[in-house]
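Following this line, the structures themselves.
You will see subunit A twice below: alongside subunit B first, and alongside subunit C after that.
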Partner chain A sequence: MSISTLKDSDLLSVRDLTIEFGYGDFTVRAVDNVSFDLQRNKTLAIVGESGSGKSISSLAILGLLKHLHGRITKGSMLFDSEVLGRQVDLTQLSERELRRIRGNEIAMIFQEPMTSLNPVFTIGSQMGETLALHQGLSQSAARKKALEFLELVRLPNAKRMLGNYPHQLSGGMRQRVMIAMALCCQPKILIADEPTTALDVTIQAQILHIIRDLQAEMGTSVVFISHDMGVVSEMADDVLVMKASKSVETGTVKQVLGSPTEPYTQALLAAVPRIGSMTGTTAPQLFDIPGQTQSNDTVAATAIDYSKPVLELENLTTRYDVRGGLLNRVTHRVHAAENVSLSIYPGETLALVGESGSGKSTVGKTIQQLVDPVSGAMRYHGKDIFSLPAAERKAFRKQTQYVFQDPYGSMNPRKTVGESLIEPAWVHGLVSTKQEAKDKVADLLVKVGLPAEHANRFPHQFSGGQRQRLCIARALACDPSLIIADEAVSALDVSVQAQVVNLLMKLQADQGLSYLFITHDMAVVERISHRVAVMYLGQIVEIGSRQQIFENPQHPYTKRLLSAVPVLNPGHRPTRPPLEGEIPSAMRAVGNEPNLVDLQRVEEGHFFAAQSAEEHQAVLL
Partner chain B sequence: MPVFRFILQRVLQAILVTLAVTLFVSFAIRLTGDPAIMLTADSSNVTEEDLAFIRETLGLNKPFFVQYLDFLKSLLSGDLGESFFRGSVRDLIAIAMPSTLLLAISSLGISILISIPLGIHSALHKGGLSDQVIRVLSLVGLSFPNFWLGIMFVLLLSITFPIFPASGFETWSALILPATTIGIILTATNVRLVRTQMLETLSAQYVMVARAKGLNERSVVYKHALRNAAIAIVTFLGLQFGNLIGGLVVVELVFNWPGMGTLSIEAIAQRDYPLLQATVSILAIMIVGVNLAVDLIYGLIDPRIRVA
Partner chain C sequence: MTDQTQPRPQSPSIATRFLNSRYANFEFMAGAILTGTLVVLVALSGVIFPDGGSKIDLLARLTGPFQASGHPLGTDALGRDILERIVHGGRVSLLVGVLSALGAVVIGTIIGLFAGYYRGFLDTFIMRFADIQLALPFILLAITVIAIVGPGTDRIIVLMIISQWVQYARLVRGSVLSLREREFVQAARSYGLHNVKIIFSHILPNAMGPLIILLTLNVANNILLESSLTFLGLGADPQTPSWGGMLSEGRSYIQTAWWVTVFPGVAIMLTVLGLNLLGDWLRDELDPLGQTR
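Let's look at the complex of A and B:
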């Protein structure tokens, strides 16, 4: 059937793969003449931004394209199959033959651990299904094997987990279950499609560690799909860079990441925030974007007046009640933010970092008065907000604006961009005539680097990065003094992310804005922030200037966050120990109050929770 | 414990709904006419004394709320009281209820047997010829009024081609036409529901994961996808039960089916307050009961709402 044969060192060889969707005039080529080889016991990373065709290629290997109504129009995929006992071209196999390979010789982990497991079946039955199918195991034998693999991915209480349903597990646990499920038939190829993108950075480090370990142990070849250059640098032996459905550059990880020859790869690499790249500096710094010359002077030169804060939080505590029992009483409370004190100064960016569940978004929501705190004070230019009459509280709300994570969900799809942008200004009575509104919209669009004519367009006509610019423009509409950016750049591709972060920094320098930058991404934090507060289980465990936190971190959680960030250093494998155990939950029974941390001074402006550091040392390091 | 609390809540809800429904029905029917006058409509020389005597015998001279409380008492004690004209209400309902249940279950069964396979087929061949035919047919089915469909069946299959009896319930073959009539109407909506639900679950990530495991399409569709789609389908079937009862009343009338629908229509025509109050209350309790059952089944098929 196949004319050519595989090299001995190769397990999979893809040649001129071309994939199309749609028919006739509406045909879209999602993958265009892409070729790559996957070596035995090696990792090939396919890198590219959203829409580059990297995920489609992986589904093609599994022969699952037809379910997305796509088809392979050209090319071959030679694979050395043991089950079928010969070298086969995956594009030529029958559905029945493909089914024997899928899940057995070639297994896959998907991006979204939250939706990858079927919600109505237990973990044990979902894993057992694969084992029964490919290895003909009996129920009890499958159970035993499933248990073995759950332990291999270091899930605590693996035995109990077999009877659990997916909703009872956290995202990181679910992804580990997915890995266990994918590996339980000992596949020759593991395809991992952005397996850690949706996870926290410490959990990401843990998952990557597990994949690397098991790969070495089982001799699996891995196709690793990612947009994150740091992750690729840690995982890959070979790299294929894709852009707009075409292959751009391919080679070993050292060649491609170390000395890229193509401008696109160079640009992609330049946009990657590298942690530690700003050691020794104090001020924020714009990203270098190839083809754009920009002066960092204004951003760097802005001096911040640390005498009068714009906003002060004092011992702010916000809890969510969890009800249960026969009488629906409050049995548990989520201690989302506990005793949080911080100040934001004019023209300053304070980064609030932490992982999911650390309470960082709750702090943002409390400031915006979307949730009510249990206790504590919030002062805006010295005035206590919570004791103000409603009208003045509304005026304060105008002064603090929010930019959300999801640029797709936060703009009304049925309103033109102009209408959406001007809405807050109308609500707060900042514009009174149509002409004023029109001028204001034009002015806002220009500020965020979009043409003023775009005011009459609808949100769906913009890309993700442009939409996030629009969200920023909307936040600026009320001339706020403080913008709360909640994971505002996390959903964007790196090159777009760099541009949006630069925009935020320039706007700050021009208008003296203050930012509360809520994020889990330490690399971005290093670029944009003046000061950093680290949250863990609802409390601030360390706060200081950016330089103090990055160059002299004290709390083990801060250290963990910093060390978990993948480092772009091709050929170098990280040595950090993986996170053992689970980060505890902030939900506690009523009456079981958490210990309040006591911040101790390290040096001027730098404080950390020494006691909590000792307590959590075991879990975190 | 949460399940217990849940049932308790629902039983309380059922009692409230029944109270509200019976109160409204009792009140409304008294606005439509005086049974004493109805009774004597055919006689010529009726005196005021005669009418007063009838009212007193039937208990109609008592204040409304006393009458209503009397009814509630009889409902609680389970004897359901006496009809104005036809003897024990309980006996009447004991005869009508089984045939109504039989009709309801058969029509629901017909609709499930047709709509689930068709809906799945339609979802799997989205945009194809068979999908379009199914969608058009379901639209046609939706557009038929149920009584018209019933009359057409009678005309065609009882009169032109006398295959099935046109009315009554003397033989089992008499069940076929009324059950098919309601079944078809229900199928029309259910097919669309099954199709949309299946389309949604088939595009879920876990379905792609199931395929990537190497499962065949049959397991992927019937095990992984259908099981999830069933959650919404079951809920909808419960909600639909109310419509089913409504349709039943009309179709029973068309086919002269000796069930609860016919009984309550007769009660309305005769201003038979006790009979009407009893039939309507029992139908209301049934609807609430079925919805409670659906909620419990829902907990069985969806582990996420089983409270740990």
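Let's look at the complex of A and C:
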């Protein structure tokens, strides 16, 4: 191997990196001949879909592959180390030398803020550990420095935070603690592996802002791993696109995202929903998937009859009791859905948007009768469902079907796909013989674009996108009139997401289905929905047609949601101010009822909560 | 990775077919051989040793093993043939071990499934009752009950079931609590599947793994428990050979005649090992992913 040296502008130079797992015939090449350079004080983004090898490459930089039983079979990773006082090849270092670099010169932030902090130690002692280890600080000095960095990531009340345990903090706060921890030794390289994927958009905007600010302040180089093109376009200087363990395209963010040369990058970018791309149009539109010809307008052409709703909710309120104390009495209630009224019309998609804890899933689950409401009415074609006898209520379940978020969890792993798909039809007596069932399964599979002979396979033999198709097929088994899709495409890679969304739209056009599309992803909402309802703290704060909400948002929360979505516009840095405060919790003490919002008319079909807008102005803007 | 089907050889011989099957596996083979041998021996014990292992020959008392005396594993303090007694004793031991574990697993699983799925008052009541039962020493309970109803193998089985369903109920309830929140269970509820059906067709199969492990361990434990009870005079009558009884009889001679205790001990060990291996194999086989999580 030739010993080369780093260019002055580069901090890390990776050449022909090849990483393998397994042995003998079972060897899997997770990273194949990948090369990239990380420049000083710049951000390199590694993008790719799940399984492309982007996280493995970053773990290799930290020398953490051994824990995963992987090995570097080829390549070099030159790094200019100050601690060791020379340029080193990270692949050749001993474990002892690596430990001096890890956490000190190269630090990492992980995806899942909920599990990457040790729950039994306080924030202060976890941060102190790193500082004591690498900088030899005394306990009190380490504490002081930890405090300094917690303030740097703008944690409110940082002093008290040092004594807190991780479970006392929200996801966004934990991720800020992680950043503070990673940065407190002032590393030269910060590796951020999907640091905002598990967070809400407004919190994501806040975290990205902090990372950008600190990078500028401290001169850190960042390796930013993400599947989200919008985030990458906001954060990166250089981009490396990976596909199936290989590097596809590298270059500056303007080159790669602005004028990609490789077909894969082009396809990836085409699948990204771009917010604002549908300004001026009224109907939903299919995603363009390169290589598939589609007549774009056929899908949305059907006009919707707004005279008779399929389903109407009136002042629906659902609360969860929180018990405590010696007598196990109800001390608090989570006001998950308060006074929610909405209508869904035949053949229409109503998007219900909001962030985690806003109560959007609760509304869906209440409609599906998975949870019982406290008060309110639900009418299906004018018939009040909650006042029906139990047997008829059960029969109503045939009319609405639920598609869950997690394509891995929503199919019984011990049943074949055919058994799972046909179960709803058995329950409601729609099939009576084995042959009928078999035909129906084949029919359902074909409808969602899967081969009919896959009926005998088990769920784990399918990919995430295929599994979500299966869940949709199961939802179709009873010929429902309404499908509730609860974050149904959120867990999927963008290209797969585009296909599943297109499938949903095509099925709607063919069968006149109505959708309640529950999601936090505004860009997908813009594509798929006819109307949009925005939920905040359990209440609908704004409702209107898609065009009205996206082009003329009234409530500050709606504006916040829309502006927080990362925009795919390479080289453009967003100027939005970061959200300072925390969004309040929907949990309230018994007797402390929330104020009910009053929806005011903006124009035909567009309503918003003017009063709550004033109240929350301060928190939200 | 999933769309390819393995190319199969045209007409595999019986040997290749066996080698490719799910049975060509160390755990299955070893477990099946051990357990199979035991079951056959016990089933045919009356044919192999018509004396029933109770023929006393005081002249040959405490004969050592592996000697040309006609007693391959030696004799005990009354000159009874140890091999003969082990084979006959297997009847009682296996009967008690297997029946009590099966009884407890059935009752405990059903209670655990319903308590965990429906929660509420039933759950609280059953689980507090289970706590009380766990706090009660088994031996004390056994002595009291046997004192009232008199000793016997059948009573021991019932006693063990009564005391052991709790473990299964707790284990199953724990699994159910997490499984009932899984999305496929929610999905089944959402399309209106009856709760009882959800419990037995969606939840139970996914809760089986740990259950099988506990079951195989429990069979072993019950064989030993039966021996303690027999030792205390609460089990089968002393004339009937049982592994536990043999162990306790041999205890007084352990320094001079090790074979009296060691061979029944080895029999218990091999049985337990065989059952555990089979249990491991079965757990893996029931998992469609083909791997343990």
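Keep in mind that, in the parts below, the second predicted complex is superposed on the first by the 619 of 621 C-alpha atoms of A that agree within 3 Å, B and C clash if a C-alpha of one lies under 4 Å from a C-alpha of the other, contacts with A are read in each partner's own complex, and residues count from 1 in each chain.
Just so it is clear, a contact is a pair of C-beta atoms (placed from the backbone, for glycine too) under 8 Å apart; a residue touches a chain by one contact, two chains touch by 3 or more.
Here the structure is a predicted model, which means the values were calculated and not measured.
> Does the superposition put A:Asn104 against subunit B (first), subunit C (second), both, or neither?
Touch status of A:Asn104: first partner only.
> Going by the contact rule set out at the top, does A:Lys360 touch subunit B (first), subunit C (second), both, or neither?
neither
> Where does A:Arg333 make contact in the superposed view: on subunit B (first), on subunit C (second), on both, or on neither?
Neither: A:Arg333 stays clear of subunit B and subunit C.
> Would you check which partner chain A:Arg414 touches, where first means subunit B only, second means subunit C only, and both and neither mean what they say?
second
> Thinking of the overlay built on chain A, is A:Leu370 touched by subunit B (first), by subunit C (second), by both, or by neither?
Second partner only.
> Applying the touch criterion given at the start, work out whether A:Arg527 contacts subunit B, subunit C, both or neither, answering first, second, both or neither.
Neither subunit B nor subunit C is touched by A:Arg527.
> Considering only touches as defined above, state whether A:Lys54 meets subunit B (first), subunit C (second), both or neither.
neither
> Should A:Thr115 be classified as contacting the first partner (subunit B), the second (subunit C), both, or neither?
A:Thr115 contacts subunit B only, not subunit C.
> Starting from the residues of subunit A touching subunit B, keep only those that also touch subunit C in the other complex, and list them.
Touching subunit B in the first complex and subunit C in the second, no residue of subunit A appears in both lists.
> Can you tell me which positions in subunit A touch subunit C when the two form their complex?
On the subunit A side, the touching residues are 368, 370, 394-395, 397-398, 401-402, 404-406, 409-415, 420, 423-424, 427-428, 457-458, 460-463, 471, 474, 477-478.
> Spell out the part of subunit C that touches subunit A in their complex, as residue ranges.
Residue list for subunit C touching subunit A: 2, 182-184, 186-194, 201-202, 205-206, 286-289.
> How about subunit B: which of its residues touch subunit A in the complex?
1-2, 4-5, 204-206, 208-216, 219, 224, 227-228, 231, 301-304, 307-308
> Which residues, counting only subunit A, touch subunit B once they are in their complex?
Going through subunit A, the ones touching subunit B are 59, 62, 64, 67, 99-104, 107-108, 110, 112, 115-122, 129-130, 133-134, 165, 167-168, 178, 181, 324-326.
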